[in-house]
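Note that chain A is present in both complexes that follow, paired respectively with chain B and with chain C.
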Partner chain A sequence: MSVLAALRTQNAVKIRRGLTLPVLLLIFWEAASRSGLVDARFLPSLEDVFLTAKRELVDNNLFGELAASLFRNIAGFVIGSAIGVVFATLLALSRWADALATPSFNGFKQISLLAWIPLISIWFGFGEQAKIVFVAIAAFIPVVLNTYEGMRNVPGDLIEVGRALKFTPVQRVTRIFLPAAMPSIATGVHLGLIYSWLATVGAEYFLAVGPGIGGLIIAGRERFDMALVMVGVIILGLVGFLLNRLAAAGEAYLLRWRVTAH
Partner chain B sequence: MTSPAHLKIRNVTRRFNVNGTALTALDDVSLDIKAGEFVTIVGASGCGKSTLLRLGAGLDVEHDGVIEHGGRRVDGPSLDRGIVFQEPRLFPWLTVERNVSLGLENAAFSKAEKRELVSEQIALVGLSGFEKAYPHQLSGGMAQRAGIARGLVNRPDVLFLDEPFGALDAITKARLQGELQQIWAAEKITMVLVTHDVDEAVYLGDRVVIMSPRPGRIRQIVPVDLPHPRERTSPELAAIRNGVLDILNGTTGEAPKPVTRPSAARRPAASANPIHAAHRTKPARPAFSTTEI
Partner chain C sequence: MSSFTNMASSATGAVGSNKTVGWKGLANRRGARRAAIGLILPVMLVLYWWLASSRGWLPEQILPSPAYVYTTAVEMIVSGEIAYHAGMSLRRVVYGFLFGAMAGLSLGMAMGLSRTVDDYVRPLFLAFAQIPTLGWIPLLMLIFGIGEALKIIVIAKGALVPMTLNTAAGIRSVPANYVEVGRALRFSRLQTLRLIVLPGAAHSIFTGVRYGLTHSWTALVGVELLASSEGLGYLLVWGRQMFWLDVVIVAMIVIGIVGFVMDKGFDLAESYLQRWKRGEA
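On to the complex of A and B.
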């Protein structure tokens, strides 16, 4: 009981410490804009931001914008990471595919994502499709890198057990390679989720304006409504934070067979 | 010649290529093993005993000579030949139950039969209650029990064991040796066990195959004509053990002399293997393993 209580307080202390800096920043922000230290047009007051958020939520379709962004993010993420896992598995398990494609992939991954935007927009248009492709590429790269790494490090001992038990090639992949590489794959997918959220905003900035949080921020800039920009930025941060927590929880569940390390 | 051996190893030579030079791990080894026999193979490091085991199990097929099991050439692993490694080699992402059932993955049983066989096997190795545990939650001895269960669950014709108790503490080791003997007596599976522990070899084996290193050859085969289960402390067993140790001494010239009453002071320090030598100088070494070479 006392251990549990201690844990709870330890956790509480951790959360308190984590919140200290954001709260101080908020106070500084509020003080700066109230005292006239900075121009309220450049840095709106907290109250302004709050009222704008309320206005967007009630009068406009803030949830719709958020849903549009999230849909793009998830669609691109799922496509990119699924293709990534399959592609990396192929590279890691086939010497032939490895020799053929790995050098090209290593070159490909060095190219800035943003450099693809003109090509993507020519090939896939300016609509939803192009944005999803862009997000998918962002998720694809970390998933491939980590899955490949994980598959390459599967212990030979376990592969030999599979040999002794007459595993078929399919069983070898599903029973040994995929689960043994799961910690690495999870890391890749986790990174892919973060990258794809960043890329979602990028796609909304650089490809044609449509519904979405990125579009909201662009609208704020064009109307010189910094409060609206701030609302967008805060939402991006919060969603990113939540996605990260979600991924960590999923990872912990999938890898519950591992020795718990603190 | 008249009664076909269950497992037939004839004139088997295995060479490895180490940095461009050919190394003979096994040199013209022949050994016949009868069905239901418990054969132990003992020898110093580098005598090729593990190589021989891997060849028998079909994990390694690059050899000269003939290896036959039940009259058929061994050209790869088979579900009729189970294997237990020195490390348990459990899949860390599977529970004990699921790890054991890997042994039945490709066996022709129904799902219900498999479930029953797995739980029977887990009970047999004394892991009941730990079905849902993950490998990292098990002790070394428990993990090795699960490894043995995985090798046995399919009821292979032959079970190959590669120093299965080598990494365990003396007490767990003794207990698992007893349990393995019971399983063998109950199931009548042919067992081939490689070890560097002479006590273990004579306690378990119907015959003890003594190998000499560089190149790996069979030096002598010593029958142990004592009924199972055996008394560890019986004078007959001790006499056979001392005989085996004498022969082993001849194989390297450096193996320890038999010690009837283990004491740190009388333990010889020199050994062919620096690791063993390092162990031997430790006074805290459990008395059980004084005859390990």
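On to the complex of A and C.
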């Protein structure tokens, strides 16, 4: 009991310390913008930001913008990671496919993600299709890298068992390689989810047609509406945070068998 | 120099190291064959590309011929255009990365060494880190304009987050009994830091540098796409606006090569600096 109490106070100290800087920052922010120490155009008051958020939510369909961004994000992510898992499985399990395509993939992944945008916009235009292609590329790369790594590190004993049981190739993939590589694949998919959110924002910045949170931020910048930019940035952070949590939970759920195995 | 390359190859080729020397020639020949097979796909792609453009399957604005891209590349190299834009980009990355990495190293060390600092700073830091670098650009554009300061800050932020988190984690992971040894030897605080804590955390710090470098490079391309009048990212935007796809493709290739060279250079630097570790493994 006393251990619990000690833990609680320790936690309380941790929470108090953790909150100190954010609270100080908010007080300083409010004071600076109210007193006119900093130009309110650069640092709008908290009330301003809040009112802008409310205005966007009630009058301007903020949820619609968010839904558009999330749809793109999920569509690209699902397409990119599904192709990624299949592609990486092929590379990892076929010597020929590996020799044929791995060097090309290594060259392909070297190009910084955002550098694809001009090419994609010329080939696919500025619409939904271009954005989803871009998000899919972003998810594809980490999924391939991690799936490949996982499949390559499947223990030889397991493969032998499959051989002894005379598994068909399909069985070998579904019963041995996929489950054994699952931790690695989950890492790749998790990274893919983070990257695809980043790519969604990027796509909306550079292919700025149609609704979306990225477009909202760009519009705010063009109108010099700092409060709107801040609302957009906060939403970006929140969604990123939630997606990350979701991926972590999904990973834990998929890998729950590992705990009992040990 | 030769011992250095030996060390690097033994580090990367650990799997094959139990083979006898006689196998080496065969392995090399097999390696050459694999490399040749790896070239099939790119060669076919270029061939198809060349066919598609020479037969006019796709208009020149959508797919310029490989020969045209090659001519453009040569022209841009000879005229010094590539060197100019790549130089601008590299300068920005170097400055931004150095600022970000130094700040990240200091902050990470403070957080790793002191629980109190960590308790105070971490929640706020994580909240800021949650927002992708790309998200900060419009906000920072309003405050700093679109000058050089904006670019350096955005790139520095890209390096700051992984540097801080990895440095702090690395210092935390130094085994307590190492620190105990230092105490037994009556090391001063500075000695403990220099001889025990930093070497112990080095691997993790390197991971931070690697991610920091990658993030800086991505951030650079992003900020140059949004706001610049020179640099490789600008070359991309400009090429797209003019519908000069040859320029776009050349810029993409240069961006890929620079990223690749930075990555490899970093690999070499790491295996060189960590060479003392080889013996114990």
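Convention: the second predicted complex is superposed on the first by the 228 of 262 C-alpha atoms of A that agree within 3 Å, B and C clash if a C-alpha of one lies under 4 Å from a C-alpha of the other, contacts with A are read in each partner's own complex, and residues count from 1 in each chain.
We adopt the following convention: a contact is a pair of C-beta atoms (placed from the backbone, for glycine too) under 8 Å apart; a residue touches a chain by one contact, two chains touch by 3 or more.
These numbers were taken from a predicted model, which means no experiment stands behind them.
Enquirer: Are chain B and chain C a fit on chain A, or do they clash, once the structures share the same frame?
Expert: Aligned through their shared chain, the two binders fit side by side on chain A.
Enquirer: A:36 in the overlay: touching chain B, chain C, both, or neither? Say first, second, both or neither.
Expert: Neither partner.
Enquirer: Could you say whether A:182 touches chain B, chain C, both of them, or neither, answering first, second, both or neither?
Expert: First partner only, chain B.
Enquirer: Regarding the shared-chain residue A:169, is it in contact with chain B (first), chain C (second), both, or neither?
Expert: Neither chain B nor chain C is touched by A:169.
Enquirer: Mind working out whether A:198 is in touch with chain B, chain C, both or neither, as first, second, both or neither?
Expert: Only chain C is touched by A:198; chain B is not.
Enquirer: Looking at A:236, would you say it contacts chain B, chain C, both, or neither? Reply first, second, both or neither.
Expert: A:236 sits against chain C, while chain B stays out of touch.
Enquirer: For the overlaid complexes, name the partner, chain B or chain C, with more touching residues on chain A.
Expert: Chain A has more residues touched by C than by the other partner.
Enquirer: Please state the minimum Cα-Cα separation between chain B and chain C in the superposed model, rounded to the nearest whole Å.
Expert: The answer for the closest chain B-chain C C-alpha pair is 5 Å.
Enquirer: Which of the residues in chain B end up touching chain A in this complex?
Expert: Residues 57, 59, 77-79, 82-83, 85, 87, 89, 91-94, 102-103, 105-106, 134-136.
Enquirer: Over in the complex, which chain C residues touch chain A? Could you list them?
Expert: 34-35, 37-42, 45, 61-62, 116, 119-124, 127, 130-132, 134-139, 141-143, 217-218, 221-222, 225-226, 233, 236-237, 239-240, 243, 245, 248-249, 251-253, 255-257, 259-260, 263
Enquirer: Along chain A, where are the residues that touch chain C in the complex?
Expert: Of all residues in chain A, those touching chain C are 13-14, 17-22, 25, 42, 96, 99-104, 107, 110-119, 121-123, 197-198, 201-202, 205-206, 217-218, 220-221, 224, 226, 229-230, 232-234, 236-238, 240-241, 244.
Enquirer: Mind listing the chain A positions that touch chain B in their complex?
Expert: Contact set of chain A toward chain B: 157-158, 160-161, 163-168, 171, 175-176, 179-180, 182, 257-259.
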